[in-house]
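In what comes next, chain A is part of two complexes: it sits with chain B in the first one and with chain C in the second one.
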Partner chain A sequence: MLNLLQVFSTGLGLAGYYALVAVGFALIFATLRIFHVAHGTVFMTAGYAFFGLHRLAGLHIALAAACALAIAALVGLLIDKIIYGPVLKRGGGMFSVFIASLGVSLIFESGFLVWSKGVVSVARAELLDIFIVGDVVLRRFDFFILAIVALAYGALYLWLHRTSTGLAIRGLTDNSELSAIVGVEVAKTRNAIFLVASSLAGLAGVLTAYDTGMTPASGVQTLFIGVVAVILGGTRNILLGAIVGAAALGMLTAFAGYFFPEWISFSIFAMMIILIIFRPQGLLG
Partner chain B sequence: MEHLYYLGTLISVWIIVALAANLVIGYTGMMAMGQAAYLGVGAYVAAGLNVLLGVNFHLALLAALLVSGAVAAATLWPLLRIGGFYFALATLGLNFVFFDIFHNLGPRVEGSEGLHGLKLPDLFAGSGARFATTAALAALCFLACRTIVGSPLGRALRAVRDRPDALAALGKDPRRYQMLIWSVAGALTGLAGGLYAATLFYIDPTLFTLDASILVLVYIGVGGLASTWGSVLGVVLLIVFNESLRYLGLPSQYVGPLQQALYGLLLIGLMIFRRRGLVGEYDFRE
Partner chain C sequence: MLEVSGLDIAYGAFEVLHGVNLVVAERRIVGLFGHNGAGKSSLLKGVYGVLPVRAGKVRFFGQEITNQRPFRQAERGIRFVPQEGNVFPNLSVEDNLRMGALRLSGDAAARAARFAEVYETFPILRERRDARARVLSGGERQMLAISIALMTRPRLLLLDEPSAGLAPILVQRLFEMIVSIRDRFGMAVLLVEQNVNEALRIADDVCVLEEGRFVYAGPASEKDLIVRRLWRLEKG
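Coming up: the complex of A and B.
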């Protein structure tokens, strides 16, 4: 019983990362119908940039994190501008963009493989302190992550519901053609979506690099967990769907990791297939 | 010479995989993103039977063909109700599911991650004989695919892809054709898996990851969708090109990532500039 509580707290920590990646993916998927596999690449790029700037170039940790976020936002925006834009302009559809996105992810993955030859980690002792409540070991860092997630979601909520860009985005989610007709500047909104979503993925990437470390495979892995979270939560309500899905996936990976660690990806993808078959609109859709 | 035989054998194996993938993706319009799963099933069945139970390799190949076809049918059945993009996503998920199955349940020779020690009969024993047999099988598959796509069945497949409603209006169920061609493609891919095991002498789960499925997409994407010659062309061009990278004098640890990056570039280039590939007759519509 006490073990279960421990697994639960691990799951909450994981859910924080997934929530940050998933909400950005959901934002792009729901508004632009782009299945952005390279969202995982953006996540990974931030982690590696953070590592490079802080560990190798010796930048102050906060400054390095901020630069990594900016780099992530820029990379996300450029992927859309340089790759997805031309594919769509030449008559490609959702599947073509998906394939091109896989291509982007392959290129970055091999680049990081050559550069790092494996895991990089920025872990520092201060935030990784643990404290013990009853029989459960808690990490200060997990609380830090959850606080950041709460802040990010709060800011996102305000952005989506209190600004004109947010209104445009919600319009695109419901009906993109109609929004264009009533004067939503689709191109401008699109840039905003990619910048915001990518910096959220970057935030998760920086935290992951700090915590467990980054490997060239982390991008695709985290992305697909985010995808399953989004399919689970549905995109009817982006924020609620992503956080519910991410919490469920955090628990799933924590419990699967505890009871049958060698079947984690089996559990995640089997769940994805079952969801696609029976409830593609998500549990909340 | 040995190495040339090996390359020829490898090319023949992937030609079979590409032909099968083109049947479902190019001709029938089913976006298969997880063909490596069936390749792995074939490889594990053939190598497992041969190495662990001592079954004659010819019989083991036949078993690989039949089992993969059956597995393909069984895995498609629940997916028939979903269409379009979600279908692609589900088949991609299948690839990960099968990887974990190979990894956790796949038989292995003690002290290694996979299976080795195949006992190959005369037709596969020497590298020259192995090449000749594999190439002959690939040629046979090529002819079989050409026959299929030129027959009324082939026309029905293209109708499933382009006008499923018209097919249904004629009283024919598109799903029956999807089931049929998916099983045929799964069986051929499984056969290729058995041959792949004989080519490499060693198999382990890492050969059957999503990367292998993406490789299949690159091959037929470059060669051309809905074209049997395209399947052959893509495989030959890319494997020969890949091989030439080895002679650039790069440190060996850079060759793998470089290939991967080039495949990525190819995928992007194809999607932007030429979605039907070199000699394709259909493009990635969606």
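Coming up: the complex of A and C.
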């Protein structure tokens, strides 16, 4: 029998990961017009760092997770400082930055492949902690993810709407030239954007490494799912767009996985193309 | 208060200003005229640090401020209102003003005083403070654009063609408004305008540019001379 509720709950769990990656990508894209492919790299770096620190170095799991987050934030910031900054300074446009970002992403991918030779996973017995409601199997871990996403989004909302850095970011999204004219310190705001967005990707990376494990290809895969989520939701309203896009995509993935599992990627990208043709401003825009 | 000397500005190899001199005295409204492409907007952008200055000096109250970034100029008491894209269309009117106040030093009370001052000057903005800027009428949007700049109580306001796109009846009101905010806030205004006849009514001094060179500077009362200069330019 078709168990819609089961598919729905699986989709919701997936949506949580997508939302964390998508919102950071959206934040960077909407404010700085950078197509940050290496956002997936940051996500993956956090996962591998978490694995290395916890499994190999034997650090306590919470401490390892915190360090992995910090490493992700730093890697994101450094990619901007060392790669994008100089490219832009030499007159490179959006496309040059995109290519540079793709390069960074491929370098990290090969690096992790050499280092890990495949999948790494931090998974532990707690993941088996499930409960059954009616005929739906729920994982406690999925609730944990959704709680974390809710907390992260709440914090982001307060940051964007209650602080002057947040105001500057909303201004940059809306009219970046005027933002510089009225006195936004673009370089400083940029650092804040990269740190926050990369921490969120890092959070998703740590959770993924714990849950399903990381492969060297996870970075690019996850990034493109985040990108499609952002295209779905639009960037007019960064938070709402990312969460709506991620939820829609989570559901799509879960349903596709249930009915025709070989066609998951096809469904995601077919949906993206249809949307770009018929509603380029996103579902909400 | 503002002294520009020997200013050169170029876009790549294309020079738009060559050796321009300009002085703006306190509380004066200075009209900057010249036909399209004469380099009027570039001059404002160069002073404010939006465009890099290749040679020459910009001084504000005797201090050199050439090529400093816009947020420094804002802190120092200069504000620039561009001709286009001069509001944040998807932010509320109040958030637009908050953006304007980002460089305001001082405590919450000082901030509240600035808001009160701007809302008193333009009551319509208080009424519409929760509306997104893009739903404002042309006149309201221009008020908001200028108010964003007023939030830091600048000593010098650089206005780039504020009358562009406004209906003729509004143009006259806009110029009256510029005089009244000058009187109320006690600042100097450097005004780039195509609408020379209207602008001459409120300008104290005038500077005329021709193809990036400075061709006239003097009191606005020499109206015939100024108009003749511009007329010759238009003919030529």
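Here is the rule we use: the second predicted complex is superposed on the first by the 281 of 285 C-alpha atoms of A that agree within 3 Å, B and C clash if a C-alpha of one lies under 4 Å from a C-alpha of the other, contacts with A are read in each partner's own complex, and residues count from 1 in each chain.
Here, a contact is a pair of C-beta atoms (placed from the backbone, for glycine too) under 8 Å apart; a residue touches a chain by one contact, two chains touch by 3 or more.
In this text the structure is predicted, and so the values were computed from the model without any measurement.
On the superposed chain A, the positions of chain B and chain C stay apart, so the two partners fit side by side.
By the touch criterion defined above, A:Leu167 lies against chain C but remains apart from chain B after alignment on the C-alpha atoms of chain A. Once the two complexes are laid over each other on the shared chain, residue contacts for A:Phe269 go to chain B alone; chain C is not touched.
Touched residues of chain A, counted separately for chain B and chain C, are more numerous for B.
Of the two partner chains placed by superposition, A:Gly154 touches none, neither chain B nor chain C. The angle formed at chain A by the C-alpha centres of chain B and chain C is 90 degrees to the nearest 10.
Superposed on chain A, the gap between chain B and chain C at their nearest CA atoms measures out to 16 angstrom in whole units. Shared contact residues on chain A (touching chain B in one structure, chain C in the other): none found. Put simply, chain A touches chain C in their complex at residues 164, 167-168, 170-171, 173-175, 177-185, 236.
Those residues of chain C lying in contact with chain A across their complex are 48, 50, 70-71, 74-75, 80, 82, 85-91, 95, 98-100, 102-103, 148-149, 152. Of all residues in chain A, only 35, 83, 86-87, 90-100, 102-107, 109-111, 113-114, 117, 220, 224, 227, 262-263, 265-266, 268-270, 272-273, 276-277, 280 touch chain B in the complex they form. Those residues of chain B that touch chain A in the complex are listed here as 31, 78-79, 81-82, 85-86, 88-90, 93-94, 96-97, 99-101, 103-104, 210, 214, 217, 221, 253-254, 256-258, 260-261, 263-268, 270-273, 275, 284-286.
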